[in-house]
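Here is the structure we will look at.
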Amino acid sequence: MRVGLLTSGGDCQSLNATMRGVAKTLYNKVKDVEIIGFLEGYKGLMHEEYKIMKPSDFSGILTEGGTIIGTSRQPFKLMRVIGEDGFNKVEAMKKTYKKLNLDCLVVLGGNGSQKTANLLREEGLNVVSLPKTIDNDLWGTDMTFGFQSAVNIASEAIDCIHTTAASHGRVFIVEVMGHKVGWLTLHAGLASGADIILIPEIPYDINKVVDAIEKRTKEGKRFSILAVAEGAISKEDAKLSKKEYKAKLAARTYPSVSYEIGKQIEEKTGQEIRVTIPGHTQRGGSPCPYDRVLSTRFGAAAAQMIIKKDYGKLVGIKNGEIVGIPLQEVAGKLKTVDPNASIIKEAKAVGISFGD
Amino acid sequence: MRVGLLTSGGDCQSLNATMRGVAKTLYNKVKDVEIIGFLEGYKGLMHEEYKIMKPSDFSGILTEGGTIIGTSRQPFKLMRVIGEDGFNKVEAMKKTYKKLNLDCLVVLGGNGSQKTANLLREEGLNVVSLPKTIDNDLWGTDMTFGFQSAVNIASEAIDCIHTTAASHGRVFIVEVMGHKVGWLTLHAGLASGADIILIPEIPYDINKVVDAIEKRTKEGKRFSILAVAEGAISKEDAKLSKKEYKAKLAARTYPSVSYEIGKQIEEKTGQEIRVTIPGHTQRGGSPCPYDRVLSTRFGAAAAQMIIKKDYGKLVGIKNGEIVGIPLQEVAGKLKTVDPNASIIKEAKAVGISFGD
Amino acid sequence: MRVGLLTSGGDCQSLNATMRGVAKTLYNKVKDVEIIGFLEGYKGLMHEEYKIMKPSDFSGILTEGGTIIGTSRQPFKLMRVIGEDGFNKVEAMKKTYKKLNLDCLVVLGGNGSQKTANLLREEGLNVVSLPKTIDNDLWGTDMTFGFQSAVNIASEAIDCIHTTAASHGRVFIVEVMGHKVGWLTLHAGLASGADIILIPEIPYDINKVVDAIEKRTKEGKRFSILAVAEGAISKEDAKLSKKEYKAKLAARTYPSVSYEIGKQIEEKTGQEIRVTIPGHTQRGGSPCPYDRVLSTRFGAAAAQMIIKKDYGKLVGIKNGEIVGIPLQEVAGKLKTVDPNASIIKEAKAVGISFGD
Amino acid sequence: MRVGLLTSGGDCQSLNATMRGVAKTLYNKVKDVEIIGFLEGYKGLMHEEYKIMKPSDFSGILTEGGTIIGTSRQPFKLMRVIGEDGFNKVEAMKKTYKKLNLDCLVVLGGNGSQKTANLLREEGLNVVSLPKTIDNDLWGTDMTFGFQSAVNIASEAIDCIHTTAASHGRVFIVEVMGHKVGWLTLHAGLASGADIILIPEIPYDINKVVDAIEKRTKEGKRFSILAVAEGAISKEDAKLSKKEYKAKLAARTYPSVSYEIGKQIEEKTGQEIRVTIPGHTQRGGSPCPYDRVLSTRFGAAAAQMIIKKDYGKLVGIKNGEIVGIPLQEVAGKLKTVDPNASIIKEAKAVGISFGD
């Protein structure tokens, strides 16, 4: 058996642990198996850049961040674009797949990468994919690997800010990753006792945000912490068309939304605001034990699906059990935070404001 | 409204975070509320030892280990025992409850403490309880608070042992907490790449354990790591009656099962074995972000149940949603690892031996 | 005996541990001692805002970040400025000191705060001060508390970036705190394997920085990490007068030097550059064990100096032994990185470029 | 140039970081250099088991625990013993050295390994050695690599125990590594707020230990933490001859000294005592940033000594500067804690009892 393996899109913490799960199971269960690691994501598949993996390549990587075979972003939209030189990406990938005589291609990726995985499935390739993203926004699975590790890093950053905010009696904004969904900000904010949490799914009213800060001041609390998603959006901006909003973002002189919110709070309250952006640290470093367990389970399940020739699916987890979700159902859908979910109600019950 | 609060049994990492969730929600939602913290668990309720809590007592404790009101072990079996001095524990607790005019008693505890909570419910007290245990063995909830934090500590211990085992080419046993259930050992073992995992639910055959080690040696792997639950049991011992097994344990000259297993492996393989026991560190320290989120949700939900006078239940989580489970259904039941669960199959697929 | 205590300037990780050392020793060695905690630094001393501390206030704070008595920045330059309302800060502080009948004032602070401490000494107050700063730039002591904890946080941030840089094959800049001195950047950069380290004490030539990156590319290394101090400065800018440089900084359209360096590298190499700024997280969170030991020793030594009436000194450490350095020698001096120090030579020996 | 490299004795956290420092500097500074890694310490040198290292072997190992070339304990006393088969270890090592045409041998090791390094020096080999030990007991250097990382792990263990001890109101003993010297216990105890610290250099009187616990109880403190070195010794035992003491240890029915001390405290106070032994976890896991800086400096300095043919020395650090100490001065000496050192006085000042 010959299995191709690639990691695609922004990296995250538990890619290696997941690949180890796939590989250990295949080596363990299949007599003759060769694993081909494509370098730097779909690019490697396109350009026939790969490495024949050895069992020892997968040893000792359970706790290592990053990906041993590299990754790259390859926007789905460009997949079908044929270059000036006539280079057809999809055909190139199919060609490599066939030339190498693969039985299956295993793809670790986020939303865009799942769409490409589905495209390759439609083109007749055998594909099994795995849910990689710190955003936890993949449709069909309760949890993605990378998410909990990112929650830990973002929470630790807010914890650090907590002591400095409390000492100085200041308002601090910590900007958490997440352009379209707020899972990471919501969990990190809850975990580290943020007073205000702003996420894309719940557009905020800046006056409500200011009210929440001033309520704390009145109660004698000298500081406030805001956990703000990269994609937090005001109620007014949420009414704009996609095009108008994009134009507004492009015209923005602030590097990110947190600075804008900070400026508005400063103007309205007279309090000094500080912004901290942990940025790419949120997708780096060693995976946490939770992710290592999840990744090992995901990887083992993916390998077992390959063995059973149960192709065309994303491996996910539902109510604690591993499931396979047809790629056509997953591709192009986003799992967002429901503003009426019980976790939001519980957060509001303890006094957290969402600015709504 | 007057609400009593107590933490009972062995401590764990997220007790304070949970109490904070309860308190913040009550202070936030109920106009006049007073929280009474009973000191050192049920003992405080019995002997009228308590503290009237202030809102500020619950500030800044989200990340703090231990319990701000103390705890003690109070075996359920002794609850109904009337002392030589005629002291009736149950009546004493009821008396305090009534004297203080409580609307509800909130109990954070594990298995034994839930049984006592149910006993008090049967005696007519309004009780809401919360699932505290690093063992994750409470029936009716998918997850207990403390568990993931303990997994982290046990996993880090095994990670540390991993580097030293690999450097010296040795066999190491790490003994993980869990007398009756193996959740903690299973997750910590999976998370840190243990080669062999022994849990109470899957009795082991020492020869199978030795086979697994020797298979690794043959494959050129210079070391092996065993994650062994405190309550790991051999196939022969599993056949003994409860009484016979207790007698055997009592006669044991080894401090714990790991030393016995280690001795047997040494005799059968000639390899030097080292044993490490992280012990009580597994229930101490700061709660991890996962537990802080869970505890905040649990606490908020408990408070909301009190507000709705929805008493007599354990707050739990099922498929990501908070639920209330009637105490009479919970009390006396244990949630154990099913030897045929998919997580066990996935663990075996990646090559982990359970010695069965 | 009556001792005043204040924490001044930007907070850092081991303030509470240090105050605990002072307090535990005083309570332990002096029969009648009262500790007065001034709130929010010198402001509390000025405006008679304080709290009479109890021994229990200092319990359980060894591992807690921040400061239990608050802090504020109070620029030395403004200390002698008399307000429009005639408010004389220095006289106000002296008045509080005398009114409260203090035997000594203990000041935990960085450079500016040490100058103010010296000013108060000149005015006749008994002062003992302690070296608080993540910058490690206090003259007269080998080490300040807070530094090693900040090194840990900055190093962990670079570690996280390392895995993502390696996975994507990118050039990353991590901006580390330090406007005037490079100790923190130097140590964090060394600790986490940065390829290029830019510090204020060694002005950089952007072409040398680019050379170092391109050398790595030629050697087949797909990524590079730059640790850049906030106060990193180019060779040209280092030639400007202080006034000219300030004007240049003020005119800068980039939020910080890292973006400027990143832009230049992008232009010269065509490689995409990412910037990450851990920011205030570097001064927050729990102190590391190294700092807790140092702080406990510092605190104990300060208390012993008070008992011996050995006033007017900064407590420091020299070659592993605690020393007292006369405040007049400390005030206004900065301990910077010597570009010819052996640590720089060792860093260069392993191949790190300083852009010089 | 050809350089041999070996890691000897118990492993510790920063071995790889140190070897990386040596290797990066040699590859960087010497045109033609080949590094030979002997496998499993002196055993590899004896039996000609080695691996020719590549520059890439030293990439990405800065943060990795353990040793990439393995280690083994090889008691110095046995070095000169000629086996029944006539195998002469010293001659075998010399033979390998000459056969491989080495210019120098780099040894990373603790006390015993330094003695062997000195023996090889006496036999005419060029040796440069590096101070590896979590015990910090090497004569001639202020600090060894591994020590600070071990302090961190031991401190975190005591921190965890702290929360559980406080919650339950118990006396806990945490046994810290160190048979002959107490540096690790002293620093970990100070860092984590231990109330009583017992180290080999300060024999204890069990009644003084009990007094210290009871003093705390009287002050209303519900718990006490003891940090006890593996080699802690009572005043009576300290009077025994070496032979008598060995006999006493051999006859002991307790697994370690902590259980004995615990038993005695239980008998004398009636309080329940718990013992926790972090054990081998203390030498495992990732090195802390402090150690990574130290190791990088040590490694760079060792390489520079090789380049200058400055052989026969241990690389150390004195007052912040790297030094070379002649091996004949180092071998066989131990750096112990001076009971009158100022750090001990400072520890006593904050109220810590050493049981003396």
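Letters A, B, C and D mark the chains as written, and numbering starts fresh at 1 in each.
Definition applied: a contact is a pair of C-beta atoms (placed from the backbone, for glycine too) under 8 Å apart; a residue touches a chain by one contact, two chains touch by 3 or more.
In this text the structure is predicted, and so the values were computed from the model without any measurement.
A.B. asks: Give me the set of chains touching chain A intersected with the set touching chain C.
C.D. replies: none
A.B. asks: Need the most distant chain from chain A, centre defined as the mean of C-alpha atoms.
C.D. replies: Between chain A and every other chain, the largest centroid distance is to D.
A.B. asks: Could you please state the distance in Å, as a whole number, between where the Cα atoms of chain A are centred and where those of chain B are centred?
C.D. replies: 31
A.B. asks: Roughly how many whole angstrom separate the Cα centroids of chain B and chain C?
C.D. replies: One centre to the other, that is 42 Å.
A.B. asks: Between chain B and chain D, what distance separates the C-alpha centroids? Give it in angstrom.
C.D. replies: Taking the mean C-alpha position of each chain, the two centres sit 35 Å apart.
A.B. asks: Mind pulling the residue numbers of chain C that touch at least two other chains?
C.D. replies: 156, 159, 166
A.B. asks: For this structure, give each pair of chains that are touching.
C.D. replies: All chain pairs meeting the touch criterion are A-B, A-C, B-D, C-D.
A.B. asks: Per the contact definition, I'd like the list of chain A residues that touch chain C in the complex.
C.D. replies: Contacts found on chain A: 7, 10-11, 13, 15, 40, 64-67, 70-72, 153, 156-157, 159-164, 166-169, 172, 222, 255, 274-285.
A.B. asks: Please name which positions on chain C make contact with chain D in the complex.
C.D. replies: Residues 20-21, 24-25, 28-29, 60, 62-63, 142, 148, 151-152, 155-156, 159, 166, 187-188, 190-193, 288-290, 292-293, 296-297, 299-301, 303-304, 319-322, 342-343, 345-347, 349-351 of chain C touch chain D in their complex.
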